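The following block contains the structure, expressed as structure tokens.
Chain lettering (A, B, C and D) follows the sequence in which the chains are written, and residue indices restart at 1 in each chain.
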Amino acid sequence: MNFRKTAILAAATSVIAIGAASADTIKMAFIDPLSGPFGPSGEAAYTSFQLAAEHINANGGVNGDMIEVTGYDNKVNPKESLVQLQKAIDDGARYILQGNGSSVAAALIEAVNKHNARNPGEEILFFNYAAVTPAFTNELCSFWHFRFDAHADMKMAGITDWIAERDDIKSVYLIGQDYVFGQAVAAAAESQLAEKRPDIEIVGNELHPLGKVKDFTPYIQKIISSGADAVITGNWGADMQLLMKAAAESGSDVPYLTFYGGSKGAVSSLGEAGIGLLYQVSEVTTNLEASDEQYALIEEYKERFPDYDYYYHRAWNAMDMFVAAAEAAGSADPIPVAKALEGLTIEHAYGSATMRAEDHQIQQPLYISVVSDDVKYGVDNIDLGWKLVDAGTISMESAEQPTTCEMERPE
Amino acid sequence: MTTPALSLDKLNKSFGPAKIINDVSLDIAPGERHAIIGPNGAGKSTLFNLISGLYTPTSGTVSLHGQDISDMPPHEINKLGLSRSFQVSNIFTNMTVRENVRCGVLHSMGQGYAWWRNIGSNKAVQQKTWEVLEHCSLADKANVPAALLPYADQRALEIAITIAGGADVILLDEPTAGMSHSETARAVDLIRRASEGKTLVIVEHDMGVIFDLADRISVLVYGEIIATDKPEGIRGNAAVREAYLGDEALPEEVTA
Amino acid sequence: MSDATQTFQNLAPSAGAKFRQRTLPILIFAACLAAIPMVGPSRTFYTIAHQMGINIVFALSYNMILGKGGLLSFGHAVYFGFGGYVAMHAMNWIEDGSGLWAGFPVFFLPLVGFAGGALAGAIIGWPSCRKAGTTFAMISLGVAELVFAAAFMFDSFFGGEQGISGDRMNGVELFGLSMGPISEVYWFIAFWTVVGLVGMWAFTRTPLGKLSEATRDNAQRVQFIGYNPQRVRYLVFIFAGGFAGLAGGMAAVNYEIFTPDAMSLVPSGFVLIMAYVGGITYFVGPIFGAILLTYMQSMLSDFTEAWLLYLGVLFIAIVMFAPRGIAGIVFGIWDGLRGSNPGQYIAGLLMKLAGILLMLIGLIVLVEVSVRWSNGYGEVYEPFGMHLGHQNVLSWLIIVVTAVAGVALTRYASKDKEAA
Amino acid sequence: METIVFGLLNGVSYGLLLFMLSSGLTLIFSMMGVLNFAHASFYMLGAYFAFTITGSTSFWIALFIAPVLVGLVGALVERYGLRKVHANGHVAELLFTFGLAYLIEEVVKIVYGKTAVDYRVPDLLNFAAFEIYGATFPAYRIFVIFIAIAMLVGLWFLLKRTRAGLIIQAALTHPHMVGHLGHNVPFIFMTVFGIGCALAGLAGLMAGNIFVTDPAMAVQMGPIVFVVVVVGGIGSLEGAFLASLLIGLLQNFAVGINASFAEIFAFTGLSPTSEVGDITISSLAPVLPFLLLVLMLIFRPQGLMGEQEL
């Protein structure tokens, strides 16, 4: 696939493209892995942004201008991301979309800050759709960065809120990857549980090296013998899948509350064994009540991109908020758009979302869901999918976390 | 009595159960040209490897100018003034002839492991390199890659590297093996000139060469020295005849 | 004696030849670097050029141990990383303005990187350089895994997954360079690329450099000319680590961030590929490799998502058919053109090139058609307005015909050459 | 107690899987001197082939056909790739396999897609064999142990009881001598390479459904195979067997140890809040094999049971 001029887009929007020729183009650079082992996660989001842009363009664009989303393959490498960032700026992109890998996001925030400081008049904005390190909207917060996903502490608040309501859970086991993110997840779980349910005992706090464990069975057996009633993990990628496979295989039957259980392939690799075992916290699942219009969108996405599922609803949120902000500001230039985004609230298919002005962190309800065979939309092309659990809706207020952000704003 | 240049004292070497060198004792005086002969598999190369430090003896000692070198690594022994050549050409194949010789010269010219000097700008090194090349009649092939040299020249280069460092004890392992008559003559001439004023230990199969060059000869059979004598003495030694019977040409037959 | 002096000097290349072969290429290289900003290059151009400069130094440093030292390492990025991290920390000390660092110009940070890389080389090289060959390769692999794992455990030095970042626009300004805009950083990169290049070339001319080649060719013999091969390897290894660290320091200033990724097995493998594809038997080989592969890495991914596949094919083709790398091909062609029969040579060469081109077309069509079929988006490969779907007979016709014709043509050309 | 039982069970089953994977490389490496970087790629091919065959027929047919197919691919690679490179020395061979690993991964991505395929444990074996201390031990893992032992016995029989085996054994310990015996060395090399790859393919078939069958599985498994081969020692299948079990057990037991450096080295006054003191043995488990590799190479380069140095 030529990421610069994707043929899908060309074919699907050829009519619009002719119209677009007269209008200006707003260029957005999607900087994420599009090849290599993490290629699929990048591509699932890339296709979402493209479809969202396509719909916006079909509805007349932004103030009459068309959006063009172009992919830049960063191979989840911070340095390569900076190379691609320079290419994107050269190509005229003023908006950067990225989400895979906190290290990449951190590098991009730094680079965007420096670029904007060193090149006044050529500012760029960074829309982060998935990098969840809390620091990005706390001590590292930046006027140029907007996060469209709940950060790790918010997701943990969702999980701990749900656990707090479950009196049958008396002990919790924490397992995660041994690096900044995994450690932050464990710390957040400990402090929030201590606050919400001081009676719950943390029976294990395990950190394993990132991406190095092939067989999780010994870890699972530690979990089982600890007698934990629930497990919390921030694991992602292969670490997540292998952990869950080992759990299913060893007959573990307590809830595994995950951040990334919804990532591609996790449900299908577990199969039926995932039912009642694998939970996730997310801003949305396709099996929530929604309008027919939204159902049609989910089906359109599946038809166009059969390898992937409608997962990145936040791509639509980000794009819709951008459109709303640009229309409110009457301009698609980064600074007015950024100012208009601050405090902006939109109504989307599953409720409302607000961009908090102090730290540029989106605020929205969260949902705890579990793998089930009784669903409208399955994932990974099988019949299993995500079903909202009892009391699984975490309100925007409950999920909200304070921020330490002290932002410097341009004039 | 002067200190021997090289002295072996009750030297033994075993590989597992196999005893390859058995109680070898030998003194070689400074300036002597000493040849070691013996049938195939007698342990001649093993003896060289023991002396030059490639192997450590199972027991016994090797002394160089009275200093015990038995447990020293080869490069330390080389620094004390002992140099050796190999039976199979053992040269730096990807370098030119000149560079090969220059490597051999480096250490004696006090270049050490220097990384702050330009190798090409040291006149003394160039001078010495040229001398050695000239000495070994390799000067006209100086810039030929060593791997492309004809066989006889590779053997000459082997000797050139060996003598380049200016060692005063030189061990040559079958320097003329596989050469034609005229090439052998050239090699013997080279060896004679190269070992002028030095101590030479040579292993050779070509008896003509041995009896031409050597001041004394030792005969090694099954890891033991059965005789050490002047060439005439060896020629008349019954035990030597016994050992060589049916193996190789007898000494008398090749003297002509 | 005067006669002898003349003779030995005649053995070495003449002053003119030295200038032509040694000084001139470096001058030309430097002149090209100096001329580049005059054409007003784009931000992308600068970015890629910087990456190339860093990779040139990195690949050359790798070739100090692989090409010149005969040591195959799977962990060279460790030294690049250490150099980069030390330089990154130094950059932050400059920003803090603490003590001596207050007066240290950012421009000279690569020297700090050199020290860091050399120190890491000195520590890790001590146990690993006692062996050569496969043992050395395996130790380097194990060490790389261990260091990478450690990078996630010691956050104060490595900064965890997010690494360490800094700001290069601090400290003393040199040569009127604020180091802010990318065009100013260019001079920094160009300067250190030339310094690294000249430094490593000069190293090959030192006694230690020559001994390194000797040890590669025949470690046993080196012992018998008075040198300890372990010590030769160790010293060379420290220098290779140092120059890798220099490249790391350049990268630290260029990107203003350093992450543990930079020391993983991936960049270690990449530098191996760069050096090998370029040609490890030539000093300039890794330079070709670094330029080509940097370009492929950053630009080829724009045109095809199968760029890794092309990279793999290129690498295997080089290993199998051109083990002396691109430099070997270039110098081979150069020699051929200056050979006895350039006309015939050119004819054979063109035939070969045409054959390779045909095979390449077949390969590209096959890969691109397959990739699109695999993605299942219903996308179709459309080069030059042709509509090549996986169900289109034309696609398969092109693939088969070009591949067969290409193979036949190259074979014919090679046979022809042998006959001639 | 339960830690020990679990450690043993998992260690042995994982170790045997490792042995299945690395025995092939030991054969190849010992005899041909080729440290095959693509060995884990053949392991991956085994899993994918098994997935395809299972999809169209059944797991039991795949069990026999997939390793054979992988072996054939291996033999072809040897015949038309490796053999050409052989003249340029071991470094070139190693680099060839290095590139091959890249290539196989990319081709797999094109053919099977970039994400994991749904390769399942056969229904017949998809049940819990027994339960101890609340955790179940899956029947499939017992099957894996059984197959690994069967393979071990088969390999032992082949090497010790057949003429071909004797030649291979001679070649393992004295690679230079075989040519003098008048045997067709290139053919022996091709066969051994093929068999080695087939064994890796078998391991992939067995492991692909326990773990995840995706294009990254080769890269994940690659380095650990080297550790087994090197630690075991050249030319020694017994060594590879011991090393596999050792690494399997080491990793599994280390996971069970929660002690941190601060506790272990308390006498040195190491603070538990310092970065070094904070490291626990269990968090080190997956990198222990590499530590073992480095230490082994420095202090005992011939490996556990090897006769030659590497």
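Convention: contacts are C-beta pairs under 8 Å (C-beta built on N, C-alpha and C of every residue); 3 or more make two chains touch, one makes a residue touch a chain.
All of these numbers come straight from a predicted model, not from anything done at the bench.
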{"item": "Touching both chain B and chain C (chains)", "value": "none"}
{"item": "Distance-maximising chain from chain C - centres being C-alpha averages", "value": "B"}
{"item": "Centre-most chain, if every chain is reduced to its averaged C-alpha atoms", "value": "C"}
{"item": "Averaged-CA centre spacing for the pair chain B and chain A, given as whole angstrom", "value": "75"}
{"item": "Mean-CA-position distance for chain D and chain A (Å)", "value": "36"}
{"item": "CA centroid of chain B to CA centroid of chain D, Å", "value": "48"}
{"item": "For chain A, residues contacting two or more additional chains", "value": "39, 178, 209, 212, 307"}
{"item": "Residues of chain D touching at least two other chains", "value": "113, 283, 286-287"}
{"item": "Residue list for chain B, restricted to those that touch at least two other chains", "value": "none"}
{"item": "Category of the chain touch graph - line, ring, star, complete, other", "value": "other"}
{"item": "All pairs of touching chains, each written as two labels joined by a dash", "value": "A-C, A-D, B-C, C-D"}
{"item": "Touching residues (chain side chain D, partner chain C) in the complex", "value": "35, 81, 84-85, 88, 90-92, 94-96, 98-100, 102-103, 105-107, 109-111, 113, 223, 226-227, 230, 275-276, 279, 283, 286-287, 290-291, 293-294, 297-298, 301, 309-310"}
{"item": "Footprint of chain A on chain C - complex, ascending", "value": "42-44, 46-48, 51, 149, 152-153, 155, 160-163, 165, 167, 169, 180-182, 251, 255-257, 259, 261-262, 266, 297-298, 301-308, 371-372, 375-380, 382"}
{"item": "Chain A contact footprint on chain D (complex, rising order)", "value": "2-3, 6-7, 10, 14, 113-116, 118, 120, 128, 131, 133-138, 140-141, 210-212, 214-216, 219-221, 224, 251-252, 255-256, 280, 282-287"}
{"item": "Contacting residues of chain A [partner chain D, same complex]", "value": "37, 39-40, 43, 178, 206-209, 211-215, 217-222, 224-225, 227, 238, 241-242, 245, 249-252, 264-265, 268-269, 271, 307, 380, 382"}
{"item": "Of all residues in chain C, those that touch chain D in their complex", "value": "72, 127-128, 130-131, 133-135, 137-139, 141-143, 145-146, 149, 153-156, 265, 269, 272-273, 276, 306, 308-309, 311-313, 315-316, 319-320, 323, 367, 370-371, 374"}
